Structure formats: structure tokens, C-alpha cells
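Each of the next two complexes has chain A plus one other chain: chain B in the first, chain C in the second.
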Partner chain A sequence: MWQYIVRRVLQAIFTLFVLSLITFFVAKVTPGSPLGLDDPENAAKITPAMRKQLLEQYDLDKPVPVQYVLWFTKFIRGDLGLSLTYRNEHVQDILARTWPISAQLGLIAALLAISLGTLLGIVAAVYRNTFIDYASMFIAVIGVAVPSFVLAIGLILLFSLTLHWFPVTGWGTPERMVMPILVLMLGPLATTARFTRASMLEVIKQDYVRTARAKGLLERVVILRHVLKNALIPVITVAGPTLAGMLTGSVFVEQIFTIPGVANAFVGAIGGRDYPMIMAQTIIFGGLVIFMNLAVDVAYGIIDPRIRYS
Partner chain B sequence: MDSTTSTQDSRAADGAPTAAETDLNLKLRRQSSLWSDAFRRLRRNKASLVGLAIILIFVLMAIFADVIAPYDPYKTDFAAVRQPPSVQHLMGTDKQGRDILSRIIHGARVSLAIGFASQVLVATIGIFLGSLAGYYGGWVDTVIMRVTDIFYAFPTFLFLIILMAAFGRGFVNLLFALAFTAWVGLARLVRGQMLQLKQREFIESSRSLGASDARIIVRHLIPNLLGAVIVAFSFGVPGAILAETGLSFLGIGLVPPTPSWGIMLNDGFAVLRSYPHMALFPGLVLALTQLAFLFLGDGLRDALDPRMKR
Partner chain C sequence: MSTNSNRISRRRLLKAAMFTGATAGLAACGGGARPAAPAGEAPPPTEAPPAAEAPQEAPAAEAPARAERVLYLNMPSFYGDPGAGTDPGCSGGANTVFTNQLMFSALVYLNEKMEPTPDCAESWTPNEDSSVWTFKLRKDLKWSDGTPITAKDFEWTVKRNVSPDISCGGGILYMMDIIKGAADYAGKVTTDPDTIGVKALDDYTLQFELTGPAGFFPIMVSYPTYSPLPKDRIEQYGKDTQWTQPQYVLSNGPFKMTEWKRDEYMTLLPNEHWHGYTEQAPGLDKLTVRMLKNQATAIAAYETGELDVIEVPTGDLPRVKSDPVLSQQLITYAELFTQYMLIPVSAKPFDDVRVRQALAIAIDRDAIADVLAGTVTPAYQFLPPTMLGYDKDLNPEMAYNPDKARQLLADAGFPNGEGFPKFWINSNHTDDYQTMFEAISAMYKDVLGIEMELALMDPGARGAWREQEPRRLHLWRERWGMDFPDSHNSMNFMVTGRLKGDYSKIPEWGGYKSTDRVAPLVEEAARSADPARRHELYRQADRILTWEDPYLIPIYYYVANLMMKPRVKGVYVTGMGPTYRRVSVES
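And then the complex of A and B:
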């Protein structure tokens, strides 16, 4: 298994390298100059000498491949460079400021989504074709189908502007956290619930479950001992993509609720053609996605002994 | 499924089928053709029929937008801006006095065009590369799969944001950005199906009769994996629509004054407190489309996925 993990990690490093290359060159074709140098408003104020000095300071005067090599050598030494939108601030400082907020939002939402989603799926499967099942699956279908930004707008209309329960923007106090977490978790929760239910129903059909029932075990014991253990294994496989999907969700949630997190900083960096920020963020997000996929694959193999690594 | 494919094989050998063969073909087909089977199963699924009906309404709305829409979606009326719903304007007017209902109807055209066109591109690229990789194996497979591995690790939506920022907003750019980021899933799916199918006996017999690679792929393999492709397509279209509206909502998708539901949501969100109708209607319509496609997609998957066959 270690051999397998090492190979996957090496592959991941190569993937991240290619990701950084592509992102760098795509960021560089973006028309317009960073630092607002081409802005006609600024053009009058910036003397040629200043312009030259600024370009040199940020390595923007060199050919693009050279810029990439410079960025890369700094990157492997842990220096992510100076941000172009937040002047004179290091990218690592901005990330250190924004990440804890996003991580808090993401982790709470992820934990709630997976635990409640699994629970909802189990309950729906156990009480299949009853009102409980239909109600759970109604929630799940809404959660899968309604886009996060539409849901956010709906919740703001209802809870903030009509009922005045929660404030619309910001982060930090519990009442400010309710709606962003709700919006971010509903999609993954619904996906998990649907998948868990399908997986449970698949297992309930199996012969060994019929055997367990036939030998007179209590329904509770059948479900807890025989069904649940086998049904939850495939649910792990959707956890990876589902959590990765929360990165997308956080872009909208942080924008709509003006949360000073990392996704907001990313969108700001795009607007400002802030390539050191874009690069750092893409690598981190990419690394996160790869890591989650790897973790899921490894966890799957540990839990299900039928899986062989190759 | 086997019966149809094997009869196709006997025909493939010498071209025109004999009368007896045609007779047999018809008999077999009437008994259990994949498509009529699938259609029967789909018809039994009420939710997916509702989904299909809603989608058909949207398609008709898109085709006959010019006839149905009560107003010109681009016609501004500064004497009647941000009016709440009324008899003249059933869904009210926006910040430039344009009729929201008319813009939603024309928006269906934009959304469906993006959804279907991007998925046609995705299907073309995905089937082509997936077939190559799956059928030939060896280094072709290795190269294509390494590329998909890299794409797979990309945080898709963030990469979409980067691409749109780099190449600029607009319909064509969005179409290619969507295809560029979404072909990977289908290529992997097609490759996986290919690997299974090419070891089946009817392919072997076809090859032993001297059929060329191209003929085997086009006549025998692709028709057999069409079911899986249709299911992927039915989930890809709403995905692309969601990406378009999401990017437009963030201001980097389509260019105003295009009647895009995402742009309308963005306009409405800015003045949510005072004019909730501006965001409410496009949001509801978007959620309804997503719901319809989810129902249809679920139904199609149950109807076409051979593993679920009862």
C-alpha cells in the first residue's frame, strides 16, 4: 500500500506542476497590465522611471518563461511573492489571514453535511416508501437542484429581510454564521443523503441480509450490524468530489455574504490580474482536491478489504 | 441488449441482411430492444416525465421566444424602471425598465443554447479521446489518461473563472471554456465502457470477420455506450447552465445586455432589499430548470444503466 501511496503522491506533484504551468501562462495572456499601469487615469501620474522601477520590482519586465522560472524558484523556497492587488503585502500573509475563516466555514459545513446527509439517507432507506422517505428525499432533491446562489438569495429574502432573524453580511458571530453554513452545506448534504439511501437499498436486497432476517434477528440489529456497515462504504467515494464541490460553493457564499475568506480573495485577485495570488490559490486548491481524492481512495481500501491497490 | 447487438453483427459481415434475417431482427427487436425497454422504464417514472415536460416547455419557450415574449427583451423604458409585478408586466421590470418576463423567456434560449452546445462539444471530444484510449490501449491510453488525470485534479470552477478572466466574457468563450473543463469526465466514462465492451464476444466475431477498427468503433462500440453517454449528457446540460448562470452572476460569464438568468440575478441581488422581484423570478426559473433536468437525468439513468436492470 505504501508503494501505491508514494506513486500517487509523485503523480500529484507532477499534476500540480502542470497545473501551475497552465495557470501561469493563462494568467499571463489576460489582457491589461497588473498594477493598473495601463489605466489612462494612472498613466499621467506614472513617470517612465517609476513605471520601469515598478515593473522591475515585480519581475514584469522579463519574458514570460523567465518570469515563470523566477516564480517557481521562489515558490519552492516557500516565498509566494508580493500581491499585486494588496500592495506590499505578501501572498502568504493574505492567505494566513483569509484561510482560517474559510476553513472554519468549510469544516463546519462539511461535518454537518456528511453527518446529517448520511443520517437522512439511512432514515429514508429504513422507512422506504413512507412519508418519512418522501419528505427526506424532497429535501434532498431541493438541495441538489437549487443552486447555492439562488438558495442564498431565497434565505436572505426570508430570514433577513422578512423575518429579521439573521444579519445579511459578515462573519464571526454565531448569528452571522447560520445562513452561510446552511447554504454551503445543503448541496453536499443532499448528495450524501441520496447516495446513502441508494446504497442502503442496494445492500438490503442482498442475500446475507435476507439470511440475517431469516434467522430471526431484530430489524434494528439487521440494519445496524449487517446493512449499515456495508452500505456506508461506497458513500466514502462521493465524499471526495462532494467536498471539492464545496470549494465552488464557497466562491458564491463568500461573495454573497461578504465573508473575508480565501474565495473572496481569489475573485478579487482575478479582477486585479494578481498572478502571484492566482498561482498560490490555484496550487492550494488543486493540492486540496488531489489530497482529498487520494485520502478517499486510501480510506476506501482500508475499510473495504476487497479493494486491491494496483 | 445482447440480442440487438448480435443481430447487428450478423449484418455487419456481408452488408444487406436476408429476408429471414430481417424477419428475425424485427421479432427480436420487438421483444427487447434496449431503447424500447428504456423508454418503457422511463414512462413508468412519473418524476422524470414531469421533468421532461418542463424541459420541453423551456425548449418551446426558447424556440418561439420572439412570438411568446410580450415585450422586446432589450427595449428599455426609463419611465417604468424597477416596477413590481403588474398586469402590464407580470414579473415586473428591471433597472432599465425592461420586461423581466420577456427577458426570462429569451434567457431560456441563452441557457439552453449554452447547455446543449457545450455538451455537444464535450460529447465529441469525450467520445473521440475516450474511444481512442479505451480501444487502442498502450501508450495512446497512457498519454490520454495522464492528461485527464491532470484535468481531473483541476478545481474546475476556479479554472473556469481564470479562463473567463483571461479570454474575456462572451458566449463563444464561455462555450469553449465549459467544453475545455468538462470533457474529462466523459472521456473517462467512455474509456471505461470501451474496456469492458471490447472484450465481449460480438466484437471478437466482428473482428474475425475482417471488420476494420474504425467500423468496429463506429458501428459496434459507440452504439453500445450511447446509453451511458446520454445519461452523462442529461447531467452535463444542467451543469453547464448552472456554470453559465453562476459565472454571469459573478460578472464574468456573458456580457450585458444579454438576457441571461445569471446576469438578471446579479442585477436583482444588488437591490434585493428594495426590489426583491428582480432576483426572485430568475432564481425560481433557474431552480425549476435544474429540478427538471435532475428528475429526467435520474429517470434516464435508471432506464439506461444496464447495472440497474431488473
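And then the complex of A and C:
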């Protein structure tokens, strides 16, 4: 098992290295340049001398492979470079100020989504084809079907403009966190609920469940210990990447509620050709997805001892 | 939707309820008529409100806490955090200019009529040909920490703002290269800052030597690059614009920054050392600039009272206009901002004047203004209204005229558009541009029988698209928003930035035959101090550029729509936008 984890981590490092290479070169060959140098609206304002000066200042005048080496040597020392859109900040400082906010928002939303989603799925499966099942699945369908921008506007309309319970924007106090968390969690909650329900129904039909019932176990024990545990594998498979996605922030939620999170800070990076920001974003998101997949694989083994690592 | 009752938030109602009956009564009647009534404004708590004005509940006015008068603004145009910093020496973006004007006072400011008005400078005089300008400074100029400012600070700042070492590399050079030697210093032709034509003659006299006569120079120095900057702080914390952070920055304007939460808000307080402070005490305690990027959120925040002034999102304009309350708070003004298409004047068939004229009059500008409801007005020339050279009857021929357009195209050898090559329009991609160019493309098709394809893309990709082989015949969308309200700004850009600039070196785009007619007109207008003469010169230049030998096809001028709460006072709005130097709010 430990051997397996070590091997997977080494693979992950290699994957990230290749990812960084590809991202760097793709970003560089994409037409356009940072600092609005190639934006025609700025053309009158940037003289050739200024242009040269700026390119020198940010090492952009060097050949791309040299730029990559410069970036890489800084990166392994923990310096992600100076941002080209937030010009007086290092990318690691931007991450330090924005990521905790997105992570907090994402973590709360993800925990609520996964726990409530699982609960909803269990309830729906246990009381399948009853009113409870239909109600739970109705919520789930709504959660999948309603786009988050409609939901966000709806919540603002209801809670801010009509009821005056919560302020529209900002971050930091509990009443400002309710709406963003609701918007962020509803989709994953619905997905989790549907996966749990389907998977539970699959397992409930199995022979060992009938055996468990025949042994005279309490229904609660049957459901929680025998059904749920075996039904969780597909749920965990989805939960890993979902969590990775939620922890890296949502551009939409952060912009609409003016949350100073990581997605909000990084959204301008691609349009602004902010190479250090693009690189950091890719590496971090890539790393998180790889890590979550590894965690999911390890979790399989804990839940289902039949799964072997080789 | 929003009703009157929505306009007072719970928070504010609660706050109001804590104060005297008089204040609460005022809030309830929605910012009533009596300016003297808010008891909170009376400075010493012992002083009773003016007897005649005070309602019967007046004794309650000795409530200890007074309402904090906070103004909530948003960054302009939903730009959000000015990531690149707020250095006035790099003051290019709208959000930088916006914060600069709150925090810094330049040599002059522009009043309600956009005239240069004494700010840091008390008076100014030109030499006989207006190429040397001498500014007399006020003697009570101070930084926000109370230390004095002299002409030396201005001299240092100008030299610093054109230095190639500044974080934006040469600063906003096009706003400063009118100063003798500035361009050479920025372009590293010389490294001696004393070759730049700015000099402190004594502590309170500042002299500029310009590259040539410029009667408009006093208007130009209203721009933030002509504010003094704190030399000591910049020398100590100058790297990476760190000095603009609240813990280091000193400013000399109406407000000082005390807090900047990136991507959230900035807090500004009235600057008690500002020279305007003693003349008139500020009518607010705090100004918060928030950084909402989402339009839907911004208008919701306005309606809940979390913002006092917003730009109205285009989609909400019809609702705002039909709402009895919100429509009263709408402020619509014409921006000095022109949208147009440049023509490759040397490429066949656009080298024929008749083809260019046909393209200009086959556009139904009123229809486009209708589609982009309320956000634009049709433009029939380059210079915007209120500027010298603007004349609503300049190009009477340019009115929408399908028959004449067809005739012109037929005269040029393309009856019904037969044989006319396909061409593109290159532009950034936004919803509004898509709508507009689909409309123009349809008009060209219907009226002239010619094909214009849309090439809408990311702004950074436009240059590469243009260079790509095989080269495509195309029009080029561009817009020009004025940096200071004098026609020189626009016309000088057109001559030096376009007719004689980089564009003239591209084969299809260079070789504009009327350059030699336009340039002397613009140069003479820069020298002249006579408004009537200048008006005539710019008029002629504009007519050549847009009709006689079209170099560009004007489409529209931007119209801005603001909403401002009635509690906000003392703000005036010009073509350059709102000015907040004397803003006050009722609590």
C-alpha cells in the first residue's frame, strides 16, 4: 500500500512537470501579450521604447525555453513569480490572501453537499417509490437543472431585495456566507444524492443484504453497515474531483457575490496573458485533482477490502 | 420589483431609529427638505440644532454617537480591483484615474463646464507663443501627513513619471511627451533628467517648456500624471508600486487611503491636510470604494443600499427608466468617447473615395442606436459634442442614404456590389459589438450587396490576426475616449498615432493622401489660442477625415447611465464622468 502511494506520488510529480511544460509553451504561443501590449485600444499609449522596457522588466524578451527555465528554477524555490495583472504582488502572496477564502467557502459547501446529498440519497433509496423518494429526487433534479446564475439571482431577489435578510455582497460574516454556500452546494448535492440513491438500490438487491436481513439484523444496521458501505464507491469516485473543483473556487459565485477569492483573482489571468498566474493556477488545480484521485483510490481500499493495490 | 420601501435598508432604519426623532423622521420621509435637520451633523453635542428648524423632539438630539456618513461607490465600469496599482504616473485605466482623482490634486481640476480651475496652481501664464507655461502654486499645499509640498515635488514627479524605470515603463508618456525632452528621456536617448523641460523656479513657481506652442496645456495638466507624488515614499517603497499601498502612500487630494482589501474594497477618509479642506469642511466621514465586477449584483446592491452610485447595466436600463423612483435617480450624460472603423485606405477597392463614402452612408446609425438602447448616440464625425470642431451639420451628406450609397458604389465600378471582394471587420468580442456588426453587415448586404464577415476576437489576438498570411482585407474597429477635454487630445492621436504612426507603415493602411492636409490644420490648432479659429481648424480636419477623404467611419458616441441616491450631494457630472471632490452624504 505504501509502495503504491509512493509510486503514485512520483507519477504525479512527473505528470505535473509535463503539465507545466505544455501549459507554459501553449500559453506562450497563444497570440497576444501581457500588460495590454498588443491590445489595439492601448496602441496609442505604449511607445516602442516603453514596450521594450516592459518586456525586459518581466524577462519576456528572452527565448521561451530560457523563460521556462527561469520560471522553473524560481518555482522549485517557492517563488511563483510576479503577477502581470496584480503588478506589485507575487503570485504566492496572491494565493495566500485569496485561497483560504475560496477553500473555506468550498470546504463548507462541499461538506454540506456531500453529507446532505448522501443523506438525501439514502432516504430516497430506503423509501423508494414513496412520496419521500419523489420529494428528494425533485430537489435533486432542481439542483442539477437550475443553473447557478439563476439560483444566485433568485436568492438575491428573495433574501436581499425582498426579505432584507442578507446583504448582496461581501465576505467575512455569517450572513454574507449563506447565499454563496447555497449556490455552490446545490449542484454537487443533487449529483451526490442521485448517485447515492442509484447505487443504494443496486446494492439493496444483493444476496448479502438479504442474508443480513435473514440474520435478523435491525433494518438500520442493514442499511448503514451493509448497504451504504458498499454503495459508497461510486459516490466517493464523484466526490473526489468535486471537492477539488470546489476548493479551487468558483469564478461565477465569487464574482456575483464579490468574494475576494482565488477564482476572482485569477479570472483575468488568461485574458491578461498573466503567465505566472496561469502557471500557478494550472499546477495547483492539476495537483489537487491528482491528489484527490489518489485519495479516492486509497479510500476504496478502506471501504472495500477486496480492492488490492498493485 | 423594487419599490419605495426597499430603498431604506433594515440596517439604515435601525441606525436611524437610534437617533433623534428628528433624524428618524427625516429618514422616513426619504431625505426631506431640511438640510439643517440631521442632528448628527452639529459638531459639539452641546449645541442645540437651530431653534427655528428644530422639530418638537429636538431635546433628544444629545444622543452621544453621531451617524457616520459613509459614501459607497463602486469601481467604474465593473473593472474591480485595480490590480496594476494606483500609481498616478501609470494612470491609464479607468479605475486608476478614478482613485487618483479621489486621492490626488493635480495642478488644475476641471469644473462643471470642463474649464481648467485652480487646484494646486493658483494661476498660470504662457509666454507669447504658448510654448512655455509658468504655474504659480498655492503656498499651503501639504501631504496627507502634514508635510509641505513645493514646486520641487512637482518637478521631481514629472521627471519620475517619464522615467523608463517606472513600473509601467515610461509611464503615461503620451500624456507627457508634449514636455520638451520627455520622449527622449523615456526612450533612453538621454539619461540626464535635467534635459526634461520642467523646472521649479522657486518653491512656488513651476515652469514647463513644451515641444511647441500649446494653448490647451492648462486643460491637459488636470490629468493625474500632473499631481505631485511623495518622493521619499517612492524612493523607499517604489519597487513594484508598493508605495501605493495604504500603509505607505501619501496623497495631496480630497481623500487619503487608509485601507485596501484587494478585490473587496478601499477605504478613503477626508484628507484634513488637503488645501480644499479648510475652505469647506467635507460633508462625509468615510468613502468606501467597492469592487463589484458583476453587473446584476451591483444593481441589486444599489437597491439594498450597499452602493450609492452605480453604472446602470444596459439590460436594466428599460426597467430603471420605467420605475417611478429609480428613474428619478438616473443621470445620463454623453461621454467624450467615439466608436469608429478605420479603413485600409491604400487597399483596393477602398482606395476609391466613393467606396469609402458608400460604406459610411450605408449605415443606419439611428437603427444601431435603437438596438444598443440608451447607451449610444449616432456619430457623424470623429470629435464628440461640446468639443471644439464639433458641428452637428459638419457632414450633412453622411445621413443614412441607401440610394446614394448604391450610386456611389456603382460609380466606383461595383453596381449592386458585383465584383466587390469579401472583407472582414476586426474587433474585440463583446455582445454589443456582435449585435452592432451583425447589423452593419446586414445593412451592407441589403443596401450595397457586399459581404462583410465578422472577425470578433480576444483583444490580444487582433494584432496576430492582422499579420496572418494570407492577409485579409479588413476594416478595423477602434474607439477613442478622451483623456482631457480638448480636441487636441483626439486629433493629435489621429495624426501622430494613426496617420503618421505605426499604422502608416503597413502597406494597406499607410499612404493616406490627405495626411498633408490634416496634419497642418491640427498643428495650427495646437498653436492657436483663439477658440473660434481652433474650432474652424478642427472642423476642417474632421471633415476631411470622415467625409472628404474618409480615413475612418464614425459609428456612435457612448452615453453613460449612472444612478445616484438622493442622499448624495455635491457631485457634478461632465463628459469626463462624475467629480467627487466636494461630495457629501446625508446620514
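Here, the second predicted complex is superposed on the first by the 276 of 310 C-alpha atoms of A that agree within 3 Å, B and C clash if a C-alpha of one lies under 4 Å from a C-alpha of the other, contacts with A are read in each partner's own complex, and residues count from 1 in each chain.
In this section, contacts are C-beta pairs under 8 Å (C-beta built on N, C-alpha and C of every residue); 3 or more make two chains touch, one makes a residue touch a chain.
None of the values given here were measured: they were computed from a predicted structure.
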In the overlaid three-chain picture, which partner chain does A:Val146 touch, first (chain B) or second (chain C), both, or neither? first
Have a look at where A:Leu161 lands relative to chain B and chain C in the superposition and call it first, second, both or neither. both
Can A:Thr258 be said to touch chain B (first), chain C (second), both, or neither? second
Counting only touches as set out at the top, which of chain B and chain C does A:Ile13 meet: first, second, both, neither? neither
Between chain B and chain C, whom does A:Leu111 touch in the aligned arrangement: first, second, both, or neither? neither
Please indicate which partner A:Ala96 is in contact with in the superposed arrangement: first for chain B, second for chain C, both, or neither. neither
After superposition on the shared chain, which partner residues are touched by A:Gly286: those of chain B (first), chain C (second), both, or neither? first
What is the contact status of A:Ile302 with respect to chain B (first) and chain C (second): first, second, both, or neither? neither
Between chain B (first) and chain C (second), which does A:Leu218 come into contact with in this model arrangement: first, second, both, or neither? neither
Intersection of chain A residues contacting chain B with those contacting chain C? 30-31, 153, 156-157, 161, 255-256, 271, 273
Give every residue of chain B touching chain A within the complex, in rising order. 149-150, 152-159, 161-163, 165-168, 242, 245-246, 249-250, 252, 265, 268-269, 272-273, 276, 279-280, 283-284, 286-287, 290-291, 294-295
Once bound in the complex, which stretches of chain C touch chain A? 2, 6, 9-10, 80-81, 83-85, 92, 164, 167-170, 172-174, 183, 186-188, 240-242, 244-245, 261-264, 290-294, 296-297, 300-301, 303-304, 306, 428, 458-465, 476, 478-479, 493, 497, 501-502
Per the touch rule, the chain A residues reaching chain B in their complex are 11-12, 15-16, 18-19, 23, 26-27, 29-31, 141-142, 144-147, 149-150, 153-154, 156-157, 161, 244, 247-248, 251-252, 255-256, 266-267, 270-271, 273, 278, 281-282, 285-286, 288-290, 293
For the complex, which residues does chain A have touching chain C? 30-33, 36, 38-45, 47-51, 53-54, 57, 82-83, 85-89, 94, 97-98, 153, 156-157, 160-161, 164, 167-171, 255-258, 260-261, 264-265, 268, 271, 273
